[in-house]
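Right after this note come the structures.
Each of the next two complexes has subunit A plus one other chain: subunit B in the first, subunit C in the second.
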Partner chain A sequence: MNNLLIPSSTALRVGTRALLRLSSTSAANSNRIWIGRSAFRTQSPARIRKLTRDFCSRSVPDVRRLAETARITLTPEEIEEVGPKIQQVLDWFGQLQAVDLENVEPAIRADTEGDNLRDDVPEVFENREAIIAAIPSYEEPYIKVPKVLNKE
Partner chain B sequence: MASTLCRVIQFHTHHFFSSPAVLFRRNKAGMMYCTMKSTQSPDATRELKMPQAKVAPDNYRKLDKVTEGFEAVIGLETHVQLNTVTKAFCSCPYSYGSQPNTNICPVCMGLPGALPVLNAKVIECAVKLGLALNCKLAFASKFDRKQYFYPDLPKGYQISQFDIPIATGGYIDVDLPLEFGGGHRRFGITRAHMEEDAGKLLHTGNSSFSQVDLNRAGVPLLEIVSEPDMRTGVEAAEYAAEIQRLVRYLGISNGNMQEGSLRCDVNVSVRPIGQLEFGTKVEVKNLNAFSAIGRAVDYEISRQSLLYSKGQGDEVVQETRLWDEGSQKTVTMRKKEGLADYRYFPEPDLPEVILTEGYVEKIRQSLPEIPEAKRRRYEEMGLGMQDVLFLANDISVANFFDTTVAKGVDVKLAANWIMGDIAAYMKDEKVSIGEIKLTPDELAELIKSIKDGTISGKIGKEILFELIAKGGTVKGLIKEKDLVQITDAGEIEKMVDQVISENPKQVEQYRGGRTKLQGFFAGQVMKMSKGKANPAILNSILLEKLNSSS
Partner chain C sequence: MGSTTRFQSPRLIVVVLPSRRRLLHPLRFPPPPPPAKPHRRTFHFTPTLCFSQPQTQTQTPTQPPHSQILSIRRSLLSRSVTALDLAESHLARLNLAEPRLRSFLHVSDSVLREAREIDEKIHRNEETGLLAGVLVGVKDNICAINMPATAGSKLLQGYFPPFDATAVKKVKQSGGIVVGKTNMDEFGMGSTTERSSYQVTANPWDTSRVPGGSSGGSAAAVSAGQCVVSLGSDTGGSVRQPASFCGVVGLKPTYGRVSRYGLMAYASSLDVIGCFGTSVADAAILLHAISGHDKLDATCSKLDVPDFTAQFMSASLLDSQPLKGLKIGLIRETVNDGVDTGVISSIQGAALHMEALGCTVTEVSLPSFSLGLPAYYILASSESSSNLSRYDGVRYGNRAAAEELSNLYGDSRAQGFGPEVKMRIMMGTYALSAGYYDAYYKRAQQVRTLVQKSFKSALAENDILISPAAPSAAYKIGEKKNDPLAMYAGDIMTVNVNLAGLPALVVPCGFVNQGKTRLPVGVQMIGAAFDEDKLLRIGHIFEQTLQCSNFAPPLADSISS
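== the complex of A and B ==
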């Protein structure tokens, strides 16, 4: 729920997340298409472009299904409102797909400048009380949630 | 306290199915060694209460009939929790058994704006395991988000590795337990990847609420996926036991199944022999012991075979089943409606994971001898398979043995002492080999002192228990207690004479044909000498005296 409602630090992340939700609305292979460029490695550039074009052109966002996947409840008005916004994000990505990448080596990640690693040294977070205080339903020492027995 | 107990129980992990049978056998010197053939599994506390749970060879014969004409295809997914000090993507310390919800911070709680930073140690552990599993390493791999909703997953996604795992295409060698016919097997490893653990969800009583403890959320895991190379429950269980051995040898995890540091899910399908395509795959979870893996797999094989042979093959459906220890059956947990859609995508908050040749090479050089290499080396040293499997099972026992043997003592004698009296003591006192006061150096000294005749085997055994319980040195104890063996024939003869003269009735009986009484006389002389008389000299003098004067 946080994912969709709380603005992320960059526009790109918003876009990625929106697409992520969308991927579940389309055919099974869309899941593979959107796992990142690395998944394209075995595909020819022409094939990739065709797949992504297909994806962007066919999708009219099924907001109801998206909301279900994200486990959020939307009113009919909200569905009305969100639909075109998501379509807009899709259109941006449609534009990105038009870029000619014929001679570009696929990259695993966009930002590959150096490692950003941490030593295995413990540091206790000091404001634990604030975290605990923000938990909607807490019964010392556990977080209380509605009973769920099955995953998925 | 709990950890002590676990370590003890783990020491006894020889093989998963086993009876705590203790065999006695006589060695050349006539001394009794008690040898544990095999003891209970590390997770035996539960099994011990359920003797009916043991899979006896009989059950296998029964199983054979049902499964005739069918072949099982088995693969395992194993999660290994790493023993890093901190979590995978934040600096929260993690230790099993902490107060719930104390090891938490904005990152592992999934609070907005918090960013993950990878613990370098996680990569090191992954590379160690990848190399030990003979895998190909990805010099550039990445993290992905696996999306699902569950209360133990604060972020709504798990950071994992999807399409580019850090290690792929390896294998692991195992030796099957002798009680199941033994034999060497090589099982393929599909991949191993890094990911984070979820929190713990506790369902208590009939309340409509569940409790969540997020201490474990974000703790690093390595998931190891095997090729579907196993065909029996024994093979599946031994594969899992070997993974436990391996991670303990590598020092990357405590491999403790009860604490959930080693978790195995098993995929089982059955097909008619000769058929190429796989049968419908059933996943079995809730396997908290190696023995449970073996039994659950065998149960599934016979359940599925039975359905196929009755023409009810359509009742074998792709589903997740739970192993129920009480009824010794698997039960449906959930049917799978199509594959779960985790909507993987690359984790935007983490850079790719880059390995350099130099880094990998350095780790390769630092790898310890892995269990398979140790077993083969012990075999070459001339040890029997039973000894090999026992000694190599636990790294601390193996290290104790290696250090003892390095002092130049006889390999077989060292093995006998460790597997016999020392193992028996550890079992009785519930301590690990690291907790006993006896050092490998002193064990070597003890073996030498017996071999060169300084002390008798009997005295050696007495000193051993003192060394184990209180420590000290062999030389010190021999001096302090005046234990040097009596080899002076004259001195022994005096004692023999005295015993014979003090027991005229027994002498009469002996000479009347009850020659078994020799043992009685020998015992009396030994007692008189406080166990110090050389047994060979004693017996030859005694026999001579008893037989000659008639």
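== the complex of A and C ==
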């Protein structure tokens, strides 16, 4: 139950892609994408209800792990300090568990208008130099970063 | 002025009176050309009204707010004033107020040059846009070329975006002059502007208080006359709550009305760019300038943008019941326990005023209202954890020195983000975790469906809904800084509107007294999707007929003390 949705090695990329889907696919589709990642998918509705009821009381976030997944280096003191605050807000989030939402469709965003997607055609961005100027370390034609080591 | 439309609750009448004396400005501005028409807060034309006639303490109601934008246009086209004069006096005022307010993170160095260009155009009788010569403040999470854009974060210190946001581009195309970038809570995460990594902005009504947030810099700047109008962004109330705290008009358009290209994303399903002005007309004109379809934002609507001010009438032309037949719903859950009594009586005063204008006001209940707040914070944190993943120190912003890539990410983000941003990213990461997704993110989306439905049915029965914009007036700097839930609770009035994607307008409607200090309170008017037209028309009539309509802050006190 405690597996994180986003594998830590690809945290940044997957998160962004998932959100892109929010704005570019229909509600039904993007739901399937998200639910597809959920551990609840194969559970019966009754089991899901029990699980959501249960975990709120027992789940204490592993702040060190969360910070690592979110790619934010925290000192032990910071972990100590932020842990109770996160817990406090998550407990507050927990009130939604008591709401009967059976048969309510999730809404991915404001119910205003459909997508207005443009054609998928590449365009040249004129002010290329300014983009490059903002890159902290650049060596034509590459963005330079230190060595990539995968701990896993 | 004795017509029956000027109905006002007794409390509101009483509080109008002492305001004038406090507006005396201790510093003399150069004498301007004689004003063609008295005009609120455009001190260039009429310093008399706001700053130099304390002796005219009479019982007569103050002038209703006029459109500064239209006054500027009239003065420029009649050649009674130049854009350069206007820009110079605004900059003088900006600089005068800035040490106390700290509204701006960056002030443009090309304002005077741009003003001269407008003067040359007018001199050559060339066509100029509706915003010609109008100084526009831009929230620092909205990109403008040749200016830094930090979103209030150290992580983006020194970042110069290579393009204009569509809204900024449209402002410039209409002749508007971007005067600078306004302070904000880091990436929009806050309700006080205390969470900027650079400075805390003060409220022009009382510099020991917060201006609200996250668009606090934009609200304070307009309130204090540091610019004419400004752009903000509203994810959960970040335009409307500071508008209420600072006594200015704040407009959150329908989700999809304004392109978000160039707005740094916080929660993409909720974010909109909004407008601040000192009158409903100014907010409406600015909205018209920035609205419309943009192929660079797929959520941006293709619907036509009406000329919002086309049907605005001046107060003198209105009949006795100009809003006759309109139905207004006062949201019951917003005038309950936990809301400041002064705020409630201001809103009730606003409701009475609307009744006097011919509306039928009834209470409506939105049963899902209180659920909106946790649902909003789940959605906003979750989406921010994803959206802010782009700030990794690789392509822009500050990069930490590191031996390997994963440390570069972690350290750059650790050094760049402030504590609230880190916390929200981690909460969002948690809420999107496998095993918790259904319990948090999906449930919040289901609550969003309930909220949307309850607004829909309430708006099927009513033309607009009203509520306070915040449960209190501006509070003290530091008062809620270390209690996240107390600060989140302050967003209860506004977040539901973002969940439903509806347009909402905040218009100053009264005052509360905090000891010796008078603080403004705004009423929030909520309309149906893409019906800004009706919302603004009602807001305009409301504002023009309100008797205590002088919402210029006593900045003089704070500058001289």
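In this text, the second predicted complex is superposed on the first by the 79 of 152 C-alpha atoms of A that agree within 3 Å, B and C clash if a C-alpha of one lies under 4 Å from a C-alpha of the other, contacts with A are read in each partner's own complex, and residues count from 1 in each chain.
Just so we're on the same page, contacts are C-beta pairs under 8 Å (C-beta built on N, C-alpha and C of every residue); 3 or more make two chains touch, one makes a residue touch a chain.
Please read these numbers as outputs of a predicted model, since none were measured by experiment.
Chemist: Looking only at contacts as defined up top, I'd like to know whether subunit B or subunit C touches more of subunit A.
Modeler: Subunit A has more residues touched by C than by the other partner.
Chemist: Have a look at where A:105 lands relative to subunit B and subunit C in the superposition and call it first, second, both or neither.
Modeler: A:105 sits against subunit C, while subunit B stays out of touch.
Chemist: A:71 in the overlay: touching subunit B, subunit C, both, or neither? Say first, second, both or neither.
Modeler: Both partners, subunit B and subunit C.
Chemist: Applying the touch criterion given at the start, work out whether A:82 contacts subunit B, subunit C, both or neither, answering first, second, both or neither.
Modeler: second
Chemist: So, A:142: does it touch subunit B (first), subunit C (second), both, or neither?
Modeler: A:142 contacts subunit B only, not subunit C.
Chemist: Between subunit B (first) and subunit C (second), which does A:122 come into contact with in this model arrangement: first, second, both, or neither?
Modeler: Only subunit B; A:122 stays clear of subunit C.
Chemist: Considering only the touch criterion stated at the top, classify A:95 as touching first (subunit B), second (subunit C), both, or neither.
Modeler: In the superposition, A:95 touches subunit C alone.
Chemist: Between subunit B and subunit C, whom does A:131 touch in the aligned arrangement: first, second, both, or neither?
Modeler: In the superposed model, A:131 contacts both subunit B and subunit C.
Chemist: Residues of subunit A that sit at the subunit B interface in one complex and at the subunit C interface in the other, please.
Modeler: On subunit A, the overlap between the subunit B and subunit C contacts is residues 1-3, 6, 12-13, 16, 23-24, 34-35, 38-39, 69, 71, 108-109, 111-113, 115-118, 125, 128, 131, 143, 145-149, 151.
Chemist: Under the stated contact criterion, what part of subunit B meets subunit A in this complex?
Modeler: On the subunit B side, the touching residues are 84-86, 90-93, 99-102, 104-106, 109-113, 117-121, 123, 140-142, 144, 147-151, 155-157, 162-164, 201-203, 207-214, 333-334, 340-341, 343-346, 348, 350-354.
Chemist: Mind pulling up the subunit C residues that touch subunit A in the complex?
Modeler: Against subunit A, subunit C makes touches at 145, 159-163, 254-256, 268-270, 293, 295-296, 298-303, 371, 374-375, 377-378, 383, 385-387, 389-390, 392-399, 402-411, 413-414, 417, 419, 422-423, 425-427, 429-450, 452, 484-485, 488, 498-502, 529-530.
Chemist: Taking the touch rule as given, give the residues of subunit A at its contact with subunit B in the complex, in rising order.
Modeler: 1-3, 6, 9, 12-13, 16, 20-21, 23-24, 31, 34-36, 38-39, 69, 71, 108-109, 111-125, 128, 131-132, 139, 141-152
Chemist: Which residues, counting only subunit A, touch subunit C once they are in their complex?
Modeler: Touch list, subunit A to subunit C: 1-6, 11-13, 15-16, 18-19, 22-24, 34-35, 37-40, 48, 51-52, 55-56, 59, 61, 63, 66-74, 82, 85-86, 88-90, 92-93, 95-97, 99, 101, 104-113, 115-118, 125, 127-131, 133-137, 143, 145-149, 151.
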